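Each of the two complexes below includes chain A, the first together with chain B, the second together with chain C.
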Partner chain A sequence: MAGAAEQQIHRDPALFYWILLPITVVMVLTGILRHYLSTLLQTAPKRLPLPKIREQRSLLRSANLRMNYAQISPAAFQKRREWWIESARDGKFLADPDARGKGKPNPMSDPAMMEGMMGMMKGNVAMMVPQSLIMGWINAFFSGYVIMKLPFPLTPQFKQMLQAGVGTRDLDVRWVSSLSWYFLTLFGLQPVYNFILGSNNAANQVTQQMAQSQVNPMGGAEDPEKIFNAEAENLEVVEHYYILDGVEDRLLERLQGTV
Partner chain B sequence: MLDERELATRPIVQESVQHNARTVSNIRALTASLFGVAAGTLGLESFPGFIFYAVGTAVVSVLIFAFKAESNPKAYFWRPLQDLWAGDMFGGLMSFVLTWTLLYNLAKA
Partner chain C sequence: MANPLLEAPTNSSPATAIDLSQKASTFINSQSSWLSAIPYPLSLFINTESQEKWQTYENLFLACLRTGDDNTAYACLESLTNRFGKGNDRILGLQGLYKESTAKNDSELAEVLKEYEEILKNDPTIFSIRKRRAAVLRSMGRTSDAVTALTNLLDQSPTDAEAWSELADLYLMLGSYEQAIFCLEEVVLVMPNSWNMQARTGEVLYLSSEKLEGADQLRLLSESMRRYCRSLELCDDYLRGYYGLKLTTDRLLELLSTGKKSQQSSSDPVKGDLAPPSIDAVKKLNELATSKLTEIVRRSKSGEKGWDGYSEAEIIAARELLDRGTQKIER
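Let's look at the complex of A and B:
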């Protein structure tokens, strides 16, 4: 089949109007629908009780101190660090001081945890349902014939997937059925969504899956006391320097070129 | 350690980095689709098509370098080689293939 004559198949031009165009339009619209669905399904952040907020914000405070320590003088940094570590060791920041030393809470027993998992399930459903629906739709209506020719050759391994239901052994892999157009639109429509919905859209499940695989679903289930101890240790090993150290030298160095 | 101090005295603002990256990515996505349209209309096949894409993105890189970065990529990109010249080269490839295939089939049918 890679011989002298290139395989030619004459296709009805109506294939484009009745298959290619509908699939493309449906894919774009599903992307938009998915975007709005995920914004609608997003649960508003729940109001936390005061001690819980204090716990989170204290952690944040230490992290900020750790990141921006260069902006304050050594004395100020020393003071803040000592105060924070001491308070953390005493458990002053903990939301529930009585629960110290009881270990990791069971994620199933905490209603807040359950809510977080529900939110993730909703996101997954919003991704999976349209995807499988469209796959089923294309397989039900548009399978069994080739509709287009790819402009680049592929290895025969793709034959199984891209020529599903065609069943001609010697047909060039470049002739593909409608399912491959679905895959092409699935991966290639991201810029279209970007232009329609703005760049922070949730239309494409591929990028979303990538983002989701990086978050640990059980991230909040740690024992808060352990987190505080780890944070205190991190804070303790910071080697402080002051951003204004040697600032006059840097200034002179910069001015030297201009004068 | 020295590098960290350098960053503290000349900080890199996250928002600006994101904005620049998004600008580059938008330009790349748009031009990649247009290159796909061109390649499909010209009826390029397999390797010439991909070479066309590579040459096109290189030209776009030069244009970004000359006009968007005002020939001074150090001021806009932390790592110019990675962010400007090679940034998002493969992000545009999928949309290039999409429009290439579509126009190729429309033109040949």
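Let's look at the complex of A and C:
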């Protein structure tokens, strides 16, 4: 294979109408179906009970204090820090003060946690079922031959990607098999969905999976008391400086040139 | 400039609010185009949703309520309710707002308040309603009740900057400066880069310094001045910041030139307070503020491009402050 003479394969034009087009249309339709399916299966996020909200936001307040301490005077900072650490040590922020010292709760015993996992399962099912069905369909009907030719040359590395299901070594990389076309549409239709369904759609499973891999379903069940103790320690070691210290000189330096 | 329909209209001037509410009917008509009239199975393929659309609806609702166009406001509220359902937190808050503003007298307002309490009894986690309740209590004149409501809310949700600043306002109304300053410090902790809150802290510090004498006054006044400086550091052309800077530096110059002795005692290293600024720096800052205020007043009066965003009342106040300064020199 010198590559000088271009490979010529005579394709039946019906391939285009009966394979390329149907695969594309089916992929778009499944995307839309997936979008509406996951919208239907979505459960509204459960309301947190009030003590839990208080626990979370108190923690957030301390984090704010730790990050933005420079904004307030040393005296004010000291006052807040002492108050927060003392309250945290006493467990005043905890949602469930009786459960102190019992260690990490089992995620399986918590009904709210179970519900979260169920929701995730449902989402996964909505992703996986249509995907595997269509892949089986394509494999059964259309595998084993090329359906189109790309209008530009490519390096041989793309062979695996573009000619899945076709075991011909000498075939030019520009020929695309039906199974590969399926994969290309699977990953490349996001802009089309954005156009049809609006930008925050649930049609593309790849983005969905990426979003899911970021949240660990088991991770939320840390013992809150430990978190508070760690936060108190972090707060204790903060070395304070005041942003208003010398601000007049900074301002003068910056603005005197402009006026 | 950003689309005025998408900006929350809470801080806009009355003129913009009227302008917005006049756009309301055109906007609502434009929403019912042929796209949304497609029959059911086909409508699944087309999406007319966007966050901007509903943001616009909400802003128009608020603008219409402000200008008294209750019918259009109701239409906006209807579409929002249809979309998000009656139980939505935000919708509940907006509905309450509508009822409040259409209430004609205090007894009707009390009726609304009772409704809020009914909702909160079922679910105390709806913060929008809790905030509305505090606001109604305030507008009915029950300030101490409003303070209690807000302190309760802030105990449960201590990172709510909106509630903190409302509480600061209430304390200021009651004359408890120290508490007001505490609340404002909390706001600044949540939003460290908001220049308006920095300046607001400066304002309250300035007010509270008027009540004191000697070293304490000097301390608060210099802190107030520094707050204004910080605010200007964050936002170069902030009129209120320059106004406050001029006001505080005027006072500081008086104090520093008369009482040299009190200066020593106030810089107490144990408390960690900053020493009062040098008289040189204060003088320079005063000059800076004066020249900048003059520039802003002049330019915005002649309507130069890029200088026309200032509110008229603030410009007038700034002019008045400048005039006061020049009169003193003439005398």
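Criterion: the second predicted complex is superposed on the first by the 220 of 259 C-alpha atoms of A that agree within 3 Å, B and C clash if a C-alpha of one lies under 4 Å from a C-alpha of the other, contacts with A are read in each partner's own complex, and residues count from 1 in each chain.
Keep in mind that, in the parts below, a contact is a pair of C-beta atoms (placed from the backbone, for glycine too) under 8 Å apart; a residue touches a chain by one contact, two chains touch by 3 or more.
Computed from a predicted structure; not experimentally measured.
By the touch criterion stated above, A:254 is placed in contact with chain C alone, chain B being left untouched. In the superposition on chain A, contact of A:20 is made with chain B only, not with chain C. Contact with chain C, but none with chain B, is seen for A:58 once the two complexes are overlaid on the shared chain.
Of the two partner chains placed by superposition, A:156 touches none, neither chain B nor chain C. Contacts of A:198 after superposition on the shared chain: chain C is touched, whereas chain B is not.
In the superposition on chain A, A:184 makes contact with chain B only, while chain C stays out of contact range. Looking at the shared chain after the overlay, A:11 reaches chain B, while chain C stays out of its contact range.
Using the contact criterion defined above for the overlaid structures, shared-chain residue A:243 touches chain B and also reaches chain C.
After overlaying the two complexes on the shared chain, residue contacts for A:49 are found with chain C alone; chain B is out of touch.
The wider contact with chain A, measured as residues touched, comes from C rather than the other of chain B and chain C. Residue overlap on chain A between the chain B contacts of one complex and the chain C contacts of the other covers 70, 199, 243, 250. The part of chain B that touches chain A in the complex is made up of residues 5, 8-9, 22, 26, 29-30, 32-33, 39-40, 44-47, 49-50, 91-92, 94-102, 104-106, 108-109. Interface residues of chain A facing chain B in the complex, by the touch rule stated above, are 11, 13, 15-16, 20, 24, 70, 148-153, 181, 184-185, 187-192, 194-195, 199, 241, 243, 250. Of all residues in chain C, those touching chain A in their complex are 44-47, 49-50, 123-125, 155-160, 182, 185, 188-190, 192, 223, 225-227, 229-230, 232-233, 236, 271-274, 277, 281-282, 284-285, 288, 291-292, 295.
On the side of chain A, the complex with chain C involves touching residues 32, 36, 47-50, 53-54, 57-58, 60-61, 64-65, 68-76, 78, 196-199, 201, 240, 242-245, 247-252, 254-256, 259.
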